[in-house]
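Got some structures for you, see below.
You will see two complexes here that share chain A, one where it goes with chain B and one where it goes with chain C.
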Partner chain A sequence: MSCLLVLPIIVPFVAAAAGLLFRTDFERQQAVGMGGAALHFMVCLGLLFHVCKNGISTIQMANWPAPFGITLAADHLSVILVAVTGTLGLCVMLYSKAEIKTGMIAAGFYPLMHILLGGVCGAFLTGDLFNLYVWFEVMLMASFGLLVLGREKAQLDGGVKYVMINLFSTLLFISGLGLLYGMTGTLNMADLHLEIQKVSDKALLTAVATIFMAAFGIKAGIFPLFFWLPVSYHTPPVAVSAILAGLLTKVGVYALIRMFTLVFTFDVAYTHGLLLVAAVVTMITGVLGAAAYNEFRRILSFHIISQVGYMVMGLALFTPLALTGAVFYLLHHMIVKANLFLISGVSRVAGGSFELSRLGGLYRSRGFLALLFFIPAFSLAGFPPLSGFWAKMMLIRASLEVEAYVVAAAAAVVGLLTVYSMSKIWGEAFWKPSPEPMHTESPAMGEGGGGLWRLLPITVLAVITIVLGFVPGVFLDLAAQAAHELLNPDIYVKAVLGGV
Partner chain B sequence: METVLAVLCGLMAAASIYLMLSGHIIRFIFGLVIATNAVNLLIFVAGRLSSHRPPLIADGSRVPAGEVANALPQALILTAIVIGFALLTFVFILFYRTYESLGTVDTEKMRFAEPDGEKAVSGAEEAKGSGA
Partner chain C sequence: MQSLILRTATRLLVSLILVFSIYLLFSGHNSPGGGFSGALVAATGFALYTIAEGPASVRRAIRIDPRRLIVFGLALALASGLAAVFAGKPFLTGLWWTVAELPDYTLVLGTPFFFDVGVYAIVLGTILTIILALEES
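Moving on, here comes the complex of A and B:
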């Protein structure tokens, strides 16, 4: 059954290739894209159930025994994220039916989207550091293409800055990788865990760990390396910014969690201490940035940054409860954040703008949409009993347990400020009367068709948020299991390397 | 030999960072090329330099006889070169398009995604609205 492990990577690539076969037949290309996403969703869920039942599963590519070949390894953290990736992929593809027009299909929206999904799943599943680099590049290439789809001025501007800083981050990553290889002679993550204990010069290792922290920190968007994010995420089509917001920074967070639980745990006081400081500052700057803006998607972009702070905080505290919280936070955040971006798209169609000052009266005219916004927005802000509440509560409790009172206070205050900017959107876009007569016939409404295709994925994601909030037990158990594996790397090492 | 190459790597990295920070997108590309090569060289040196024989296995035996050179860094660098080349092509096209469309190569003057102040935002929106 271990072939199940490659399917979340293979299926999107096959779907991308199949999509390219219908370059000129847009309807069929769309059908292939959505069919591929549905299949991908199913194999991702299949892998989740498989790993929940049988524990960590691994596969050695081309049967080269680890640590010589490339290993794919799926532990609980990986499969949770893969399952969410499948879900988001499907939802965004459904949404794209309403938004993505022939021009963008011709430019390759569906193949790029599938390559992105394949790259993200590959990054989550690989157990080899160089392979992780390759998946990062695959994912980045696809995201570069998606980001400038449509070629508007703002997109090109955002795209250039995004490309520059992300290329720099991969260069940092690969130079760290080279140095680490020079010191240990291996690139298999499980093997690295063993080999790194034999390295005598810990100071050099700490330097390498810091390089990795910077490289993945840029991807994750932690302070002070996040500046590319608010420049670019509000420029592409909504479907694209939703998938980027849901997945990309989280791959950076995943890589941080993986490296700083499995490999770099020799000097927790320094590395994780540094991460903790960065996490707290990230939370605060992100939320303050959000408070300063009045554009729907820019507010959401800044919130990604502040939320990444919470996840890194969970990693940095490095206790079972904190890591459980971080994993649960990842799960909750990916779903909620992608959903909010999709909702911003519907509000744009209904109100004609992303500017809050030009929106208004949506509560009156689009009651159902208002309800759908209310759920993820206040889940993000951490209202009980929605999913964000449990995630935040666990992290704050974890920081109180280790007597990090400043961190706990910062997390609580940032939560309050999140409420402020979510209610700003609520008040401006939904509550206040419409600033001008509803220009329902304005040019923007030209793309207003397919309301069902827009509302369906949003409703599905909102329902998932409610389920996460009201029945958190199952998901918390999953997250706890993931945290248990992260804090006991021997389980992972044994699964990859066998009895060694 | 390792020391010389290490210093060279450092020099290349320094030059590339200088170029990348210049705020000029063409210089950024040159910086990127140098940085990619610096990293490739770094991986090569990290795999240890040696003047052993190539890692070939004679007919009939299953392991190479005697000491052979480390083949892994070369495989890694080859992959990195291919990826780097593809990225470079993409970056060239993206930057050219950007220059065509925005009319500048200075990143400081690219203020389309983040206009200065809220007024500029609504101005841009209005311009877009009237254009549509």
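Moving on, here comes the complex of A and C:
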């Protein structure tokens, strides 16, 4: 069943090509888009079960042997993320049925979305650094297309900033690639792990590691390279910002985790120390930025940044517990954050605005929505027993274990400030009496008969959050397994290169 | 723009450029070239033609919508990769068929070639879409 490994990448591309065939037939294009997403979801889950049962699986593209050709390798970290990608892809596609109008379908919403999903899965699965670069490009182009879909001024403004800073990140990435290839003569990640130990000039290697850190840091949105994120994520349609918020920065985090556990581990004190400082500052700036805004999606965007700080902190602490926490955090965060963005869309339909000052009374008029918001919002803030609590607790415990008290304190304070932000949204949008009563009276939820299509994915994601919170055992085991593989790169290297 | 010199030169050049682009496509497997660079060369030919004759005549000349080319290319590239999967080998593995056995050499045709043709169609389709949209706006 080695072809299972390619399917999460191939299925979206086939769906994209099929969608492009029906350029003018919008209904059929929508059907192909949804069918593709459902199939994608199934193959992603299939891969998850396959890897859980059989351990790391690899496949050599075009049958070229490992260090020379492109390897796809799925370890636990990769498959967890691929499975979440499939889930989010399907949920967002369901939501899009209510939101995306014919104009956007004509502009290529469904093919772009599938190309994005394929690119994200490719990035998670590839075992080759140059191939990772290619997937970054695929994702960048698709996400830029999605960002400017509505052709509004604010979208173009945000989109251009997004693409410029990301091109710069790509430039850094490829410069780093060149230097690394010059020093080691290989770009296969497993082979790099072996070759890098033979490099004598460690100072130069540290410089290269820092270049990679900056390149992936821009993608992940860590301090001080995050400013592109809040200016672009609140402009596109909700379905688009949900998928971008759920997936894109997390690819950057994934790349950081992969590179700084498998390749750049020769000077942990320096590189991971730097990451730790960046992580703490990222957490704090993100949450303070969120406190300063009163627009639903802008607040959420700033929270992405602060949450990315937690994940990078897990990587930087570099202990089994911390990495388990980071992986679990990724899993929890992708689901919660995408869900919150979807909910912001429903609130907008119900209340007529993304501005908190103009929203209000949603608790009264949309009780179920209030409940659905409550779950991911307070999971994000780390309320027990929701999923965010376990993630935060593990990370704080891990930092206490290595006696990084400042880090632990920062993480706890940021958690508290997150509660403040979430209660701000809760108080303003849900509790406060509606400033414009006509909106709450309007049957806007049923706009175009889309109410169910909007609520279904949100409910599914909220249920997943609850399951993650109440039965964390099985997921923690998965995360622990992933962390074990990350801290023992020999397992990965052996799976890719054979018994070298 | 109506320039007699440009139009005359274009007539001569475009056919040469297109032939060279096809040569690049075929030689790509074992020597410099390939679908990507071949398509870029072909696109320069069409760009020249667009400047000299206008986008309408380019659309007439290529007959099909360049966006269809993208779909065709994507499908062909995927199919040539998947052929190996159906033969029980990893994705993208080259499969070769002998087309003709001549005294001096054998002529073989493989899936990498179809993959290259797919890339050619995608790149050419994309660039033509961009060039034509820019010229028409």
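Here is the rule we use: the second predicted complex is superposed on the first by the 490 of 500 C-alpha atoms of A that agree within 3 Å, B and C clash if a C-alpha of one lies under 4 Å from a C-alpha of the other, contacts with A are read in each partner's own complex, and residues count from 1 in each chain.
Going forward, contacts are C-beta pairs under 8 Å (C-beta built on N, C-alpha and C of every residue); 3 or more make two chains touch, one makes a residue touch a chain.
As the structure is a computational prediction, the values presented were derived from the model and not from experiment.
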Fit or clash between chain C and chain B when superposed on chain A: fit
First, second, both or neither for A:52, with chain B first and chain C second: neither
Partner chain(s) touched by A:491 [first = chain B, second = chain C, both, neither]: neither
First, second, both or neither for A:199, with chain B first and chain C second: neither
Vertex chain A; arms to chain B and chain C (CA centroids, nearest 10 degrees): 40
Partner chain in contact with A:291 - chain B first, chain C second, else both or neither: neither
Touching partner for A:174 - first (chain B), second (chain C), both, neither: first
Partner chain in contact with A:17 - chain B first, chain C second, else both or neither: second
Partner chain(s) touched by A:355 [first = chain B, second = chain C, both, neither]: first
Greater residue coverage of chain A in the superposed arrangement, chain B or chain C: B
After superposition on chain A, the shortest CA separation from chain B to chain C (Å): 7
Overlap of chain C and chain B interfaces on chain A (superposed complexes): none
Complex contacts: residues of chain B adjacent to chain A: 13, 20, 25, 28, 32, 35-36, 38-39, 42-43, 45-48, 73, 76, 79-80, 83, 86-87, 90-91, 94-95, 97-98, 101-102, 107, 110-114, 118, 121-122, 124-125, 129, 132
Chain A - residues contacting chain C, complex: 2-3, 6, 10, 13-14, 16-17, 20-21, 23, 59-63
Of chain C, residues touching chain A in the complex: 67, 70-71, 74-75, 78, 81-82, 84-85, 89-94
Chain B-facing residues of chain A, complex: 130, 133-134, 137, 141, 144-145, 148, 151, 153-161, 163-164, 167-168, 171, 174-175, 177-179, 181-182, 230-232, 234-235, 294-295, 353, 355, 357-358, 443
